[in-house]
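Below you'll find the structures, each written out as structure tokens.
Next, two complexes with subunit A in common: one pairs it with subunit B, the other with subunit C.
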Partner chain A sequence: MTHLLEVKNLKTHFFTEEGVVKAVDGVSYHVDRAEVLGIVGESGSGKSVSSLSTMRLIPEPPGKIVSGEILFSSKGDKPKDLARASELEMQRIRGNRIAMIFQDPMTSLNPYLRISRQLTEVLELHKNMKGNEARERGIEMLKAVGIPDPSRRFDDYPHQLSGGMRQRVMIAMALLCEPELLIADEPTTALDVTIQAQILELIAERRDLSKVGVVLITHDLGVVARLADRVAVMYAGRIVEQGPATQIFKDPRHPYTVGLARSIPRLDDDRSRRLVPIPGMPPSLAKVPSGCPFRARCKNAMQVCAEVFPAERVIPYSEDTGTFRSSSEGAAHIVHCHEEDLEKVQAVGAT
Partner chain B sequence: MLAFILRRLLTIIPTLFLVATLVFVLVRLAPGGPFDAEREVPAEVKKALDEKFHLNDPITTQYKDWLVQLVTKGSLGPSMKYSNRTVEEIIGITLPVSMELGLWAMLVALAIGVPLGILGAVRQNTWKDSLAMASAMLGISIPRFVLAPLLVLVLSLKLYLLPVARWESWRHMVLPVFCAALPMAAYIARLARAGMLEVIRSDFVRTARAKGLSERVIILRHALKGGMLPVVSFIGPGFAGLLVGSLVVEKIFDIPGMGRYLVESVLNKDYYLTAGIALVYGTLLMVSNTAVDIAYKFLDPRVELDR
Partner chain C sequence: MTALLDIENLKVHFPVRRGILMRQVATVKAVDGVSFSVDKGETLGLVGESGCGKSTTARAILRLIPATSGSARLEGTELLKLGGSKLRQKRRDMQMVFQDPYASLNPRMTVFDTLAEPLVVHGVARKNSEVEDRVRHLMLQVGLSPGYMRRYPHEFSGGQRQRIGIARAVALKPKLVVLDEPVSALDVSIQAQIVNLLMDLQSELGLTYVFVAHDLAVVRHVCRAIAVMYLGRIVERTSTDKLFSSPKHPYTQALLSAIPVPDPEREKKRKRLVLLGEVPSPLNPPPGCHFHTRCPVAVDKCKKEVPNLEEVEPGHFVSCHVVKERAGLAPDLLGS
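After this line comes the complex of A and B, so read on.
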């Protein structure tokens, strides 16, 4: 089966005066229809750059997609490699087949234009709608994303709305043309917690109702736990672990994923449990060390970790994984860590 | 909006009063008087003149009389140099000429500067950008008193394309308007480029790209309004500066504008004329700044005028 989006070995580098910044350095993942893929990682791990690459919105120069494929299958068509698509082809896809929601709704809407203008221009561009038709469709969409009194709000300027409302407008704008893929780059980071929950709910609803595939980029494991069907953990421009969300949370294998899980509090935690931070800092993407980029912070680091980046290992599901969402059932749990090989070696040695 | 304009006018009046007072005092502090020509004036003539213009009264009395005349009759007093002409007569004839020159120069400056600035921003760090900005730098650096004679030399005296001087038909206007406009155009180009660059890097322009809009629509619909704000705020003081600054142009092209009279009145110690023209400039500056604030309101919906 072809995936809605399949990214294969993507490398996006920035050629700066300080050297080549390898923001994304060999990343592979896929998303299907009606599925949420959560990409987790800290600031500077390359998660935003990988999604901007999909939209081909990397400022060029200094950025460049050096290699890899971004295969997008619109409406079940033959997959198209967006990494090699022309600007004109991309303009037809952006906002139409693939839409994007950005982090900060305060700055991502144009403060000089009315909401109505910012919504209808998408319809005029991609759907050939005009005048009242576009207007009605816009108001309808505002209503669908839960904006009260949408026909009055329609002609407001962004500054007249609250942060949560603006993010709803952003989502409405993204969904206007019924895209097949939605890329949400930290959609809730700038919002307060109750609004966060509402926005996540809204995205989940669109996934279930309009079968849109979602790439959800976040540094917040809580957001991923709520919404994602599958998770990819990024570190220093690479995906170090990915698999069904239930698996990743139950049975994290990569030391970085384990560290992330231990560094956040849980509501059902024993009060006496101390949070365990991951020591050290992520490497600069201009000087990523050879081998495994996490090894400087990893207490289990071995000789081999300095030499080669670990190949992918498929992890069998743990027994009490719980229920999968149907779409992610059977998706492989993959980890890049030499420790997995070590265990295998030891297991072989024991027999 | 109306309340805002009224409030602004009310603040303009005390400011103008201050300007008037300062100018009135300052011109009198300079050594010499209006009738101290190189050639000695006969004592009785000078006495009669001093009498006529009340120059023997204490300065406070002169000031009071001048203000009373100004407020009650709208009179700015007599000119001391151009006999039998009042200051308001001189301003009434010369101001329209200066305004005409200034307005055209501003229009030309905008027409050259804004597209150049946008081009520089959109094609940042390419040869087009470098060329646009280098010519802007050149435009700012060449003083008008160098540019004007050069243009006259080439276009008028060598090629016989345009008249050398005077202010009669549109053909007479080309050179002075261009000379007055060029440094302003260069400055506007740099402002427009900086403004556009800032907006082009902003999040909402990235959003516009993510919608699939073409570069042309992104620039014209999404970036232009915000990018032009620095230019708009410059137009107010820029226009007033153009009126004052064009005195060089007026002098070179022998244009009967106000700038020339300002300089001459200062040199001649024509007290009332200097004060009158300064008042007119002050008024123009404040009115054009108010106009700019109102224009801001139309460009940026977040701006509130009720401060």
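After this line comes the complex of A and C, so read on.
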């Protein structure tokens, strides 16, 4: 089966005066319909750049997709390589077949235009809708994302809405043309937890009802656990581990994934447990070390880690995985680490 | 044991002025009658969503913004009435760590300047060699190499900057440190380093913390007691263990259920209480219990009468008519 989106060995580099910043350096993943892929990583891990590359929103220069393929198969058509698509082709896809939600709803809505104008513009452009037809469709969409009194809100300016409402408007705008793929870049980071819960429910509903494929970019492991079917963990421009969410959380195999899980306090653990931080900090993307980028912070680093980036290794499932909700949960669990001894991997950060 | 910090009925109201004459047209009751106390060496967590007044409360205690009424006593000294040199002296005992390590350090001052200033101002160290020794010691204490003493903030990462901010706060060996979202601007893998540092410093120096945060998982880990705020008022206050094992206020229950747990299997099974709507504007809060507009169990009384914060079980304070009427029994919203 062809995937809705398949990214193969994508490299996006920025050519700056300080040198080449390898923001994304050989990343492969896919998303299917009605599936949420969570991309987890810290700031500077390249998670946002990888999705901006998919939308072809990388400022060029200084940025450039150096190599790789971004295969998108709209409505089951033959896959199209977005990395080589023309700007005109991208304009037909962007906001129409693939839509994006950004972290900060205040800066991504135009403060000078009413909500109504910003919503109907999308419909005029992509769906050739005009006047009352577009207006009705816009109001309908505001209602679908849970904005109370949508016909009155429709003519508001962004500043008249709260943060949660603005994020709903952003989502409404993204969903107007019934996209097949939704890229959500930290969609709830700027919101309070009770509002975050509402927005996550809304995204899950779109996945289940409209069969939208979702790329969810976040640093919050809790958000990923709640929503994602599969997870990819990024570190310094690379995906170091990916697989079904249940598997990644239950049986993490990369020292970075293990370290992340151990360094965060959780609501369901022993309160007096001392947190185990990952020592050091992520490398600058302009000076990513050779071999495995995590080696400077890794307790198990060996000679070979400094030489080559580890090839992918498929991890068999742990026995008590149970039944899968969907085919995506049966996807392969892949890790990039030279250390195969699980006990050693789990010793990361321990003192 | 007597409390180190004792807050009683603290109110911070801001006037809203309009027009050429700047007539006062409304009042924002950012903090509206907050009471709590913190014992020496303990940590109290002040939690709630944006706009609930948690930061305003913290800042009013430190006299960074003027309180409207109420009392705040540090070891029996009324802080809200102190003035001039007395207040300046008292500031030695109460320090603050801010959220944004990029905005809270002066970019034109080296680490040495930043850390030496409080020592010199308060006359703790006078001779140059003495000051340098103290700064060196402080840097080691927060896990920074003293070799970086002459560097500027921009040369450090976010986590390192937060360490500088913490060193500045503990430089004068204060009694009380207010931590306003000290880790929320940091990357996840760095947060744990700072949380551990704060806990180590607390036991080393016998510090008392007021920890303002929205991340309940971090608060649970750091604090012995927690006060949950909603629109300027405390809705529930108790020990951390009690708050998480048996939350009583409907808002606390909703807040806890909204936080995702990093475990997909548990997430699938968890019952969730998703609150409708949003926090109302503090400019025009609903009458009675501020939470009644979003509360799933609100009764008529909630729309009219403000519930008092009452002790429904030993050490467990809740302000909710419904909980009180059921003799301290929490509504079972999560069906657990």
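Just so we're on the same page, the second predicted complex is superposed on the first by the 337 of 351 C-alpha atoms of A that agree within 3 Å, B and C clash if a C-alpha of one lies under 4 Å from a C-alpha of the other, contacts with A are read in each partner's own complex, and residues count from 1 in each chain.
In this text, a residue touches a chain if its C-beta (ideal position, glycine included) is under 8 Å from a C-beta of that chain, and two chains touch if they have at least 3 such contacts.
All figures in this text were calculated on a predicted structure; none of them were measured in a lab.
Trainee: Between subunit B (first) and subunit C (second), which does A:Ile93 come into contact with in this model arrangement: first, second, both, or neither?
Mentor: first
Trainee: What is the contact status of A:Met173 with respect to subunit B (first) and subunit C (second): first, second, both, or neither?
Mentor: Once the two structures are laid over each other on A, A:Met173 reaches subunit B alone.
Trainee: With the two structures laid over each other on chain A, which partner does A:Glu121 touch: subunit B (first), subunit C (second), both, or neither?
Mentor: first
Trainee: Have a look at where A:Asn110 lands relative to subunit B and subunit C in the superposition and call it first, second, both or neither.
Mentor: first
Trainee: So, A:Arg266: does it touch subunit B (first), subunit C (second), both, or neither?
Mentor: In the superposition, A:Arg266 touches subunit C alone.
Trainee: Based on the superposed arrangement, let me know which partner A:Phe102 touches: subunit B (first), subunit C (second), both, or neither?
Mentor: Only subunit B; A:Phe102 stays clear of subunit C.
Trainee: Which partner does A:His159 contact after superposing on A: first (subunit B), second (subunit C), both, neither?
Mentor: The answer is first: A:His159 touches subunit B but not subunit C.
Trainee: Looking at subunit A, which partner touches more of its residues: subunit C or subunit B?
Mentor: Counted on subunit A, the partner with more touching residues turns out to be C.
Trainee: Once the structures are superposed on A, label A:Ser50 by its partner contacts, choosing first (subunit B), second (subunit C), both or neither.
Mentor: A:Ser50: touches no partner chain.
Trainee: For the complex, which residues does subunit A have touching subunit C?
Mentor: Against subunit C, subunit A makes touches at 42-43, 148, 162, 164-165, 192-198, 200-201, 219-226, 228, 245-246, 249-250, 259-261, 263-268, 271, 273-278, 281-282.
Trainee: Write out the stretch or stretches of subunit B touching subunit A in their complex.
Mentor: Contacts found on subunit B: 202-204, 206-214, 217, 221-222, 225-226, 299-302.
Trainee: For the complex, which residues does subunit C have touching subunit A?
Mentor: Going through subunit C, the ones touching subunit A are 49-50, 157, 159, 187-193, 195-196, 199, 214, 216-218, 220-221, 240-241, 244, 254-267, 272, 274-275, 277-279.
Trainee: Which positions of subunit A touch subunit B when the two form their complex?
Mentor: Residues of subunit A touching subunit B: 55, 57, 90-96, 99-100, 102, 104, 107-113, 121-122, 125-126, 157, 159, 170, 173.
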